[in-house]
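Before anything else, here's the structure in question.
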C-alpha cells in the first residue's frame, strides 16, 4: 500500500460568521452620510477604510445594494490592479486595491470629487513632462 | 513567570492544599469532639432514615413560612444553581476538571453560561442589598458574610469580563479570574462557605435526633 | 447584702399567672463575683457540655436571618435582636474563640473578641425573657440548626455566672429548697390530694409502697388546676391500674433545667427517678406540662446516666394508648375543637399524634390552626418566660397573635395539654378580653368518661 | 548622484514606479496597521520625501526560518515595494558576498550610516560562557550585537528568538540564550515575535519608521500594538463556534471536519497576541487554525515551555496527589489536635468542679 491509497478529503466546513449583516453596515452608511454632507459643504476629501472593519459578507452585500452603481468605472494598473467605481451617489467612490497576485489588499470608500488614486500626482506630471519633452525631441530628431 | 503561569501553577497548588487542609481541619475538629450518647428511650428505630429525610425536608420552607422566606430561598437557589451550572457546564471549567477526572462531558453554549452568570450576579447583588437593608440580616452579619459574598461574586465578575473580553489584557484578566477562584478556595474552609459541607452534617443531625423523638423534622 | 435577701420574693397566688410578685427592685445578678470570675464561669459551664452536635450547629449558621420569621417573639416585636440565632451570639463568639476547630487561630489573631459581662447582662433578656426554647426556628432554618438546645446550653453558662432574671432565679431556688417552685410543698400537695379526693369523690393513692404507675403533677396544677389530680385518679381507677402519687417524688416541673443549673436539674429529676425505683413503677405518667416532658422523657436518662428502668409517658400519650387498647370509652362530644400544641410535647417531644387520637375518640370536629401540629406557634409563656414580669408586654402581644390564629379556626372549644400554656391563656385571655377559655385535654377526657357499671 | 541622496519619491520614479503605486502601498499598510485612511495621503507624501534607509540585517542563533518566511511571502504582495524603499546593506543569507568581503561591506555600511542605520535581528543571543556558543567570523554574537547597537537608530527583533529567546532559550536553555532587549537597553527596540513572524508586520513597522521617523506604538512586550493588540481568539473565524460551545475533540472527529473551535485540542489563541487571524500567511492563503491546527502561541514568551501544545488552556497544574493527601492528613491532625484541646478543657472543668 502506498500513500496514494489513503484517501484524503478536504472539507473546510462552513464559515461560522455566516452572511447575516452585523449592524456594522448601517453604522457605516451613517458615517458616509455625514462625510458626504461635509464634502457637499465644501469640506475636504474623506476616506472610510473598509478592510480593517469586522464586516461580514452580509454587510458587504448590504453596502453594495444600498450604495448601488453610478456613472464612472475605472481600472488602474499600478503594482497590480485597482478598481474604482462611483456609487449611485455622486461623490461617493468605492476603491478596491488588489496586489500583484490579484488578492484584495485594501478597500475604501472615498468621498470627494475624484478619488486620489485616479488623480495624476504633480511630481509624476513633472517627471512625465520631462520624459515627454525627451520623447518629443527624439521624435523630431528621428524624423529629420 | 507570567501572572497566568503563576495562577495556573503554584497559586493553584497552594490554594488546593489550603482548601483540602482547611476542610479536614474543620470537619475533623468538630467530629472528634466528645458527644454524650443519648440514653433516652427512642420513640422509633431507624433514626438515620430521619437524618436522610432531613437533608431534603429543609431544602424548601414549610408552607406557613413560604410567604415570609420563599423569595429569599429562590434568590438562594438562583445563586447556588447558577454557581453550579457555570462551574460544571462552562466549557473551560469542564475542561479544567476533565484534566483530572479524565473524561469530558456535555457543556452549555457560551451565551447560556453568560446569561446564567448575569442572572446569578443579579441574585448575588439582591442578596447583598437585602443583607444591608434588612434589619435582621444587618444585625447578625459579620465580616465573614461580606467576605464570603465578595469572594463568591468576584469570580463571576472576573469570569464574565474574561468571557466578554473586557480586560485590557486578556491573559492578565484570565489570571485574575483564576486567582479570584483560588482566593475563594483558600478562604472557603475558614468562613461560612463551609456551609456547603455543614448543611449535610447539620441537617442530618437534626433529622436523625428528632426522628428518634418524633415531632419536628 | 446576702443572696437570700435579694432573691427572696413572695409568691403571688392570686394572679391568673403563677409566679412571684413583681419585684420592686430587680436583682438580675446573683452572687458576689468579680466580672472576670463571672465570665470564666460562664465560659466554662458553656463549654462543659459542648459536644459534636452543638458544635455542628455553631459552625453551620449562614446568617440568613430566616429564623426571625419563625420566632413568636420576633414576629410580635419586630426587634431584630429577637432573631433566634442572635440570642446566642455571645456564645457563638465564645465557641469560635475557645472551643471550635479554628479556636487557636481566632484566639491568636484575636479575630473574635472576648465576651464581656456587660454583653452577657444585655443578653439576659434575649436568653430568658424572649425565648421559650420552642424550637420553631429549627423548622425554618435551611441548615436545620437546633437553636433551642443552644439557648439551653447558654442558660447553663448564664446561671453559673449569676445572671438569671430575678423572678426565675427565685422560683428555681424555691424549687431546690422547698421541692416546688410555686409553693406546692409536699404538705400542700398532700392537702390538695385529700381535698380533691373529697370534692370529686375519687379514691386517691398517696405514698403507696408498691405501684405499677407513678403519677406526677406540676406545681401549676397543684396550685391552680387541682382538678387534674382528680381527673387522673378517676381515669386510672376506672382502668383498674395500680398507681400512686408520692410525696417524695411528685413535682414534674424542672426549673433547674429552665434556669440553666444542670446540678439542680439532675437533683430534681433524681427525686422522681428514685421514687419510681422505690415503688417498682413500670410507668411514670407526666402531667399536662410541657417542659416536664422534655426534662424526664428526653433528658431524664441522661441525668440518670443510664436508661431509665421505667417507661415515661405524657398523659396525652397514656390516654391515647388507653383508648387504643379499649381500656377507656368516651362519650361523643358534638363540638368543634382547636387544639393548641405545647411545643415541648409536640414539636420537641414527638407526642403530636396522641392528643389528636384522644380528640378523635371524643368524636369532636378537629380544626387545625393555619400553622398547627409540629409547626404550632408557641404561646410565649414556656421556658420560664411566664414567671418574668419584665416579659409580660411581649407575651401578651404573642398571645394576641395566638388568639387570632385560634379564633380563625372558628372552633367552639379550645383545648391544650399543658397547664403552663393554659395559665398563659387564662392570664392573657383576661388581659386581652379573649372571652374564651382554654380547656384541659385530661379534664375533658375525665368528664366524658363512660363509666360502665363495675 | 549617490542613491542615498535621492528621496524615495525620486528614486522610485526613476525605477518607473508611479505615485499611484505609492498611494496604493500606503493604503495597504494603513489598512493592516489600523492607521486612519484619512492619513494615507500624508503618509504617502512623507514617505516620498524620505531618504532610502540603510538596513543591516543580522542573523544570530537562528534557523533562517524567519527570513525564509518573509522573503517567500513578500513576492506576490503589494508590500514587496518595501524592498525598494530600503537599502539592505547586509544580510547573511541573501547577499552575494561572503567571508571578509561581506564583513567589509558591513563595516562600510556602519561607518557611512553611523547613528542612522536600522538593525534587524533574527535569532537569540547566547550569554553563557561569554556567548561562545554562537560565533560568526571570529566574533561572538554578543559582541556583535553590542557593537552594532552602538551606531543604530533603532533595533527591530524579528521572530520569537530575537524577541524572547525562542527555541534557543527553551528549557534547559543550554547556551543561556536571551532576546535582544535583554542585552541592549539604551536603544529603541521593537519586537516582531512569531515563529515565523508575519511579513505584513515587518512592512508596517518599516513603513511607519520611514514615514514617521519612529517605531510604532508598542505594548508591554515591545510589540507593535497595531498588530498585537488583539488575541488570535478575538479575531478568529472559528470564534462563533467557541461562543456556541461547539468544539472539535480530536483531529479527525466530526467537530474537526465541521471546522469547530480547537480550544479543547489545546489552541492557545485566547492568550496569543498576533495578527494571523486577519492577515493570514502566504499572501492571505491560510493560517494555522484555518488549516485545522490550534494556535501554538508562538508569538508569546516561553511558548515552548508551556506544557503540551495539545493541552487545553483551561488545564491547571493540579500538583501531586501526595501533596493533596499530605494536606488532608495535616488537616486531620490539626482537627484532632483542636478537638483534643477542647476535650481536655472540658475535663479540666469537670475535674475542677
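Each chain gets a letter, A, B, C and D, in the order it is written, and its residues are counted from 1.
The rule is short, and it goes like this: a contact is a pair of C-beta atoms (placed from the backbone, for glycine too) under 8 Å apart; a residue touches a chain by one contact, two chains touch by 3 or more.
Remember, predicted model here, so these are calculated numbers, not experimental data.
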item: Chain D and chain B - chains in contact with each; value: C
item: Centre-most chain, if every chain is reduced to its averaged C-alpha atoms; value: B
item: Chain pair with the higher count of C-beta pairs in contact (A-D, B-C); value: B-C
item: Farthest chain relative to chain D (centres taken as mean CA coordinates); value: C
item: Chain centre separation in whole Å, for chain C relative to chain B (CA means); value: 38
item: CA centroid of chain A to CA centroid of chain C, Å; value: 94
item: Separation of mean Cα positions, chain D and chain A [Å, integer]; value: 31
item: Interchain centroid distance [CA atoms averaged], chain A/chain B, Å; value: 58
item: Where chain B touches two or more other chains, by residue; value: 25-26, 28-31, 33-34
item: Sequence positions of chain C contacting 2 or more other chains; value: 50, 100-102
item: Chain A: positions in contact with at least two other chains; value: none
item: Topology of the chain contact graph, where touching chains are joined (line, ring, star, complete, other); value: other
item: Full enumeration of touching chain pairs; value: A-D, B-C, B-D, C-D
item: Parts of chain C lying in touch with chain B, wherever the complex brings them together; value: 49-53, 55-57, 59-66, 68-70, 74, 80-81, 83, 85-86, 89, 100-102, 105, 135, 138-146, 297-302, 304-308, 311-312, 346-352, 370-371, 374-375
item: Contact footprint of chain D on chain B as seen in their complex; value: 2, 4-5, 8-9, 12-13, 16-18, 20-34, 91-93, 95-96, 99-100, 104, 107-112, 165, 169-171, 174, 178
item: Touch list for chain C against partner chain D, complex; value: 44-45, 47-48, 50, 98-104
item: Chain D - residues contacting chain C, complex; value: 334-335, 338-339, 341-342, 345-346, 349-350, 352
item: Complex contacts: residues of chain D adjacent to chain A; value: 9, 13, 17-21, 23-25, 27-28, 30-32, 34, 36-38, 40-41, 48, 76-81, 237-241, 257-260, 278, 283-284, 290
